[in-house]
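Heads up, the next two complexes both have chain A, just with different partners, chain B and then chain C.
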Partner chain A sequence: MNFDVGLLIAKAPEILNALGVTIMAWLIGLVGACIIGFAVAVARRYGPRWLNGLLFGYVEVFRGTPFLVQLFLLYFGGPYAGLSLDALPAGLMALSVYGGAYFSEVFRLGFEGVPRGHVEAAECAGLSRGQIVARILLPEMAVLVLPASVNLAVVLLKETSVLSIITVQELTFTASAIGTEFYAFVEALFVLALGYWGLVEFAAALGRVAERRLARFAVS
Partner chain B sequence: MTNAISVKSLSKSFGKTQVLQKINLEFPAGAATCVIGPSGSGKSTLLRCLSFLEEPDSGTIEVFGEPLGFTEDAQGKRARIAAARLRKVRAGIGMVFQQFNLWPHMTALGNVSAALKLVRKLPRAEAEDRAMAQLTRIGLEARAGHYPSQLSGGQQQRVAIARALALEPKIMLFDEATASLDPELTGEVLAVMRGLAEDGMTMVIVTHEIGFAASIGRVIAFLDHGQVLTSGGPQEVFGKPRHPRIEQFLDTYLDRGAAMLI
Partner chain C sequence: MTPNLFGLLVEAALYTVLLSAISIVIGIAIGMGVASARASSHLALAFVARVYVSFFRGVPLLVQLLVIYNLLPAVGINVPSDVAAVVGLSLCTSAYQAENLRGGFLSVPKGLLESADMLGLTPWQQLVRIRAPIAFRLTLPAVVNEAILILKASSLVSVVGVVELTRMAQDLANSTYAPIQLYSAAGLLYFLINRVVAGLGAFAERRMAWGRR
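Let's turn to the complex of A and B:
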C-alpha cells in the first residue's frame, strides 16, 4: 500500500477548510468555556449558598460524564426538551458548557490563590471593590491560572473531534470521509495526527511565551 | 500632648475566643506608640481594628476626633457611620503589613503610584512623580522599575512603606513589619521607621523588637490576653520595679538583644 501524497494535495482545500472549522470551534468553545467558568466561579464565591450547591452539582455532572454523552444528549435529546439546534451550534454549546465546568474549578482555585493580604493592602489604599477585582484580583489570578488554562485549552481542542459524531464538518469528520471514500485510512490518520499535533504545539508555545513573560509577576 | 487615636472599651471576638477585652488606649500625635506583648495577646488584632480591616464588636475608635466605623451613645447603642465618611477617615491611615503585600504584577513605582492614580485620580505623570519622590525618600529610586519578585524582603517592605506614605497619611500603622525579615534586612526597615519617627510621624508599631520599641516609642503598651497590662513611657514600662508579667516576658528576650534595657 502506497502513501498517496497526490490524494492529500488534491484534497488540500477541503482539508484546510475543515482545519478552519476545527480552529473556529475550538476558539469559540474556549471563549464560551472561559466565560461560563468565570461566571460560575464568581457566583460560587460571592453568590448565595443555594446557588453554590446548584453550581457544584453542575461541575460534578459535567466533569463526571463523557463529553460524547453530553453532546448526544444535547443534540439528539434536545429536541424533546424543546431545544432544536443545528449540528455546529449544538457542538459549540456543548463544548462551552463542558469546558466551563473545568474552567470554573481552575478559576475557583485562582481566586483562592490570591493572598488575602493583597486585597487588604488595596482596601487600605482606598481602592473600591470594583477596582480591587479589576486591578488586583484578576491580574494576579491570570498568572496563577495560566498553566492550567493552557492545559485545558489543549484538552478542549482534542474534544472538538467528537463534534464529527454529530456531522460537524471539522477535521476529523472530513479526514474520515476522505479515508472511507478513497480507502486511504493511513493518509487520513496522518492528516489528523499532524493537524491536531500542530495546533497543540502552537497553543503550548503561546502558553510558554506567556508564562515566561508573566514569571516576573510571580509572588515571591 | 494631643491624641491622634483614642480607643475606648474596644472588644473583639473570633468565634468563642475573645481576642480584645475592653481595651482603653490613647495614642499621642506626632510620636510613635509601640504595642508589645506575647504572641496571641491581641496586638495585631488591635492594629487591624485601627485600620478597620477588622470590625470591632463593641467600643469606639476615634481618629483625630472622628469616629472610625462606629459611634456609641451613652447607652452603648452602636451606629455605623456613613461609607463616605468612613473612607475619609481611613484615607488618613496608612498600613504596613508583616507580609509586605506588594502587588506582584506591578513594579515598585506601579505599587506606590497605583492609589494616587486610581483613588486620588491624579494624572499619570504627576502620580509617578510623587511616587518617585517617595521611593527616593526610602533610597530605592534605582529600583523603581523592578517587580516585587526582583527585590529583597527589606526592599519590598520599604516599597510597601513608600506606598502607604504616598497617600500622605496622618497616621502610619506597622503590623510586625520586620517579623519576616532576617536581622540584616530588619535593620534597613527599622532605619526607615526611625526616620519617620524623627520627622514627627504619628505611628502605631506592633513589634517584637523590644530594643527598638524602647528606643523609639513615646508610649509603650504591653498587651496580654487581650488586655492592656500596662502602658506609659519606656521608663515606666521597662524601668524597675516592673510588672511581674513583663519581667517574665523580658527574660525571654535577654539573649535576643534587649539585655541593655536591664
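Let's turn to the complex of A and C:
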C-alpha cells in the first residue's frame, strides 16, 4: 500500500472545489435550519394551541427518523408529489428542515431560560418592547443557546456528507469518485478524514471564541 | 402498500435493530476502555485516547464506513459488508460513549469514595460497588440518547450494501415506483423503534432511581 501524493496534487483543484461545495451546503443549511428553528420556536410559544401541536409533531417526526430517509423521501418521492428538485436544492432543503427541528428545541429552551425578572426589571426601567427584545431577550438567549448551537452546527456539517448519496458533488462524493477511478482509496479517504476533521475542529474553536465574547451577557 | 411489502420492511427493521444493538454493546465496551485510557496518568495513552475520541467524533460516520469498507480489503482483510457496518457503527459510537462514561465517572461524588476509603474498601471494590454503579446510572440517559442516534445512523450502512430498513425501502421503492409510501413507512418504523427505546430508557431510569441524592 503506497501513498500517491502526486495524485492528490493533480486533483487539488477538484478537491478544493468539492470542499467549497461542502462548506456552502453547510452554511446555507445552517442558516436555513436557524431560520426555520427560530420561526417554529416563536410560533410554538406565541401561536395558537393547534399550531403548537402541529409543530410538536413536525419536531418529533424529524428528530425521530434518519436524515437519509427524509432525504430519499424528498428527492425520490418529491417528483411523485409534483416537487421535482435537483440534487443540491433537495439536499439543502432537507438539511434545513431536518436541522430546523433540532434548532427549534434549542431556541425553545433558550426562551424558557431567560429569567422573567430580567424582562420585568427592564419594563420597570422604562425600556420599550423593542429594546427589551434587542438588548435583554436576544443577547441572553444567544448565550444560553450557543453551546448547543455549535454542537448542532457540527452535526449538520457531518450530515452534509450524506448528500453524496443523492449525487451532490461535495467532498465525500468527489473524494470517493477519485478513490474509485484511480483505485486510490487511501489517498481519497485521507483527504476526506482530514477535511472534515479540520472543519469540525475549526467550527468548535469558533464556538469557543464566541462563547468567550458573549460571556458578559451570561445569565446567572 | 400491500401487507407483503410491509412485512418485508418490518423484517428489515428487525435487522436494523439487531445491527444497532450489537454495535451499541460493542461500542460501550470499547468506550469503557477509551474512557479509562483518557483518565490514565500515562500521558501518551491519555493523548492517544483523546485523538481517538476527537477523530471518531469529528469525521462523518459515512466517511468512516467508506474507510472501513474500502480499506480493509485493500490491506488484505476481506469481511462481509454486515461486519464492516458493525465495526464502523461500534467505533463511531464508542467515541461518544467514552465521553459519556467519562462524564459519569467524573460526577461520582468525592465524599462517597472518601467514605469507602475510610471503610477500607480496596480500589477494585470501590470501582465495582460504588463508582461503576453510580456512574452507570448517571450515564444511562446519555446511553439511551446514543442508542437512538445509532439506530438512525445505521441507515447509512445501506450505502455499503447492507440490506437493513433503509436499503430494503430503497430496493422496494425502485421496483414498485412508490417511493413516497415506502420511505414514509420506513420513517414510521424508525420512529416507532425510537419511541420504544426511549420508553424503555425512561422505565429503566425509574427502576434505577433508588438512593437518589
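Following the convention adopted for this analysis, the second predicted complex is superposed on the first by the 219 of 220 C-alpha atoms of A that agree within 3 Å, B and C clash if a C-alpha of one lies under 4 Å from a C-alpha of the other, contacts with A are read in each partner's own complex, and residues count from 1 in each chain.
Here, a contact is a pair of C-beta atoms (placed from the backbone, for glycine too) under 8 Å apart; a residue touches a chain by one contact, two chains touch by 3 or more.
Not measured: the values here are computed from a predicted model.
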Which of chain B and chain C A:Gly64 touches, first, second, both or neither: second
Partner chain in contact with A:Leu192 - chain B first, chain C second, else both or neither: second
Partner chain in contact with A:Asp86 - chain B first, chain C second, else both or neither: neither
Partner chain in contact with A:Ile165 - chain B first, chain C second, else both or neither: second
Chain A: partner with more touched residues, chain B or chain C: C
Chain B versus chain C as contact partner of A:Glu181, first or second or both or neither: neither
Which superposed partner A:Glu112 touches (first chain B, second chain C, both, neither): neither
Intersection of chain A interface sets (partners chain B, chain C): none
Of chain A, residues touching chain C in the complex: 1, 60-61, 64-70, 72-73, 76-77, 80-81, 158-162, 164-165, 172, 176, 179, 185-186, 189, 192-193, 196-197, 200-201
List of chain B residues in touch with chain A within their complex: 51, 53, 87, 90-91, 93-95, 97, 99, 101-105, 114-115, 118-119, 147-151, 156, 160, 163-164, 167
Touching residues on chain C, where the partner in the complex is chain A: 54-55, 57-63, 66-67, 70-71, 74-75, 148, 152-156, 158-159, 166, 169-170, 173, 178-180, 183-184, 186-187, 190-191, 194-195
Chain B-touching residues of chain A, taken from the complex the two chains share: 115, 117-118, 120-127, 131, 135-136, 139-140, 143, 216-220
